[in-house]
Amino acid sequence: MTQPHTVLLFGITRDLVGQSRLSVPLTKGSRVSDLVAHLNAQYPALTGVKSILVAVNSEYAEPNTLLDPSDEIALIPPVSGG
Amino acid sequence: MTQPHTVLLFGITRDLVGQSRLSVPLTKGSRVSDLVAHLNAQYPALTGVKSILVAVNSEYAEPNTLLDPSDEIALIPPVSGG
Amino acid sequence: MIALTADPIDFSSAYHYLQTDEAGAIDFFFGVVRNNTQQRSVNQLDYEAYGPMAIREMQKIADQACERWPILKYVVIHRTGVLRIGEMAVLIGVATPHRDAAFEATRYIIDTIKQTVPIWKKELFADGEVWVNATP
Amino acid sequence: MIALTADPIDFSSAYHYLQTDEAGAIDFFFGVVRNNTQQRSVNQLDYEAYGPMAIREMQKIADQACERWPILKYVVIHRTGVLRIGEMAVLIGVATPHRDAAFEATRYIIDTIKQTVPIWKKELFADGEVWVNATP
């Protein structure tokens, strides 16, 4: 059984996916690395991005961070502010 | 025979001498070091300043720079701009 | 003060905000949209931010700077949206008693912003567009 | 642009002067009158300059900076006369394509100004006055 997880997209990742927000079905106990694998499989264009980090509730997360459906999850492609 | 040389004073040197401009009699062929010796003798308080450089025509001069009565000479106590 | 804004950055109010009687030095850095990058002619830049996280990351950087240097006041403002050449994309201002700390802290803040804050810029050329730094 | 002025420094016009399409980075340094020095409470500062030579020395420093860094535009303004706490005594602004040069050149200019430009400041305390750095 999967649960929907909301993922926010910005910059190049939004352009490649064509949406600024995705609902990603993940099984309970999924981690950041599972989300990334899921998205890379579903949107192979994402693998062309130099690097993609994941933020959970506005903080950079580790690959093994556990995800909860209530989390605000965001993909963070290479930043270029300033 | 001496010639009058005009010397401009600023900051602490002006306060110590009590004038912003001096006419200093120097013999022909006098150098910056001669001027300094003359002023130190006449105004001993100047020797209490940390260091005094001499500018000739708005450029820092060396002790052996020759002085001419037409030069604009200035004493430069330690600067503290900024 | 930390801000993200879609409006032009008002550096005059930033300057007044920084003033304090103990300040002997104020350093300001302005990142400005310039007309070219790697020999290509830029028309404008489009800045996008993940707002809440960007604010949070900028605040962390400012807090780190305040731990390392005796900062009296600081201001960090980043612009979002489409900017034309000459417009200010980012303003960093730091007031300290002496100048070494002002220079070092300002530089630390802008350098770190460019590494960690979730803001992205797209360069718009006459013949296309590209997300800066996004692809190898 | 190099200037000595008895009037308040207008940093807004300095900023506009620095703008140029090739500039990606602008660094500004402001030296401000602060309310204390070595634990003593300062009321105001009195800046005196040997004007023609001060302009010349500031121009030399700016020229040296332009040789060392790719400076697009610069502005160096030093105030003279009696300044109260919070007033700006000196403004340095440098516009360059990239930020490293802007920071380095600005710092070089202010550091060197403090070493060679014939400007003197007197600190006015509640109980006296002293020419800064003049006596051992």
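For clarity, chains are labelled A, B, C and D in written order, and residue numbers in each chain start from 1.
FYI, a contact is a pair of C-beta atoms (placed from the backbone, for glycine too) under 8 Å apart; a residue touches a chain by one contact, two chains touch by 3 or more.
Keep in mind that what you see is a predicted model, and the values were worked out from it rather than measured.
S.K.: Of all the other chains, whose mean CA position lies farthest from subunit C?
M.R.: Farthest chain from subunit C, going by C-alpha centroids: B.
S.K.: As a quick test, compute the distance in whole Å between the mean CA positions of subunit A and subunit D.
M.R.: Here the centre of subunit D sits 49 Å away from the centre of subunit A.
S.K.: Quick check: how many Å separate the C-alpha centres of subunit B and subunit D?
M.R.: 26
S.K.: Centroid of subunit C to centroid of subunit D, CA atoms only: how many Å?
M.R.: Taking the mean C-alpha position of each chain, the two centres sit 23 Å apart.
S.K.: Please list all residues of subunit D that touch 2 or more other chains.
M.R.: Each of 31, 110 in subunit D touches at least two other chains.
S.K.: What chain pairs are in touch here?
M.R.: A-C, B-D, C-D
S.K.: Which residues of subunit C touch subunit A in their complex?
M.R.: 31, 47-50, 52-54, 56, 78, 89-90, 110, 113-122, 131-136
S.K.: Within their complex, state which residues of subunit B touch subunit D.
M.R.: Going through subunit B, the ones touching subunit D are 8, 10-12, 15, 48-50, 55, 58-60, 74, 76-82.
S.K.: Any idea which subunit C residues touch subunit D in the complex?
M.R.: 11-12, 15, 19-36, 85-86, 95, 97, 99, 102-103, 106-107, 110
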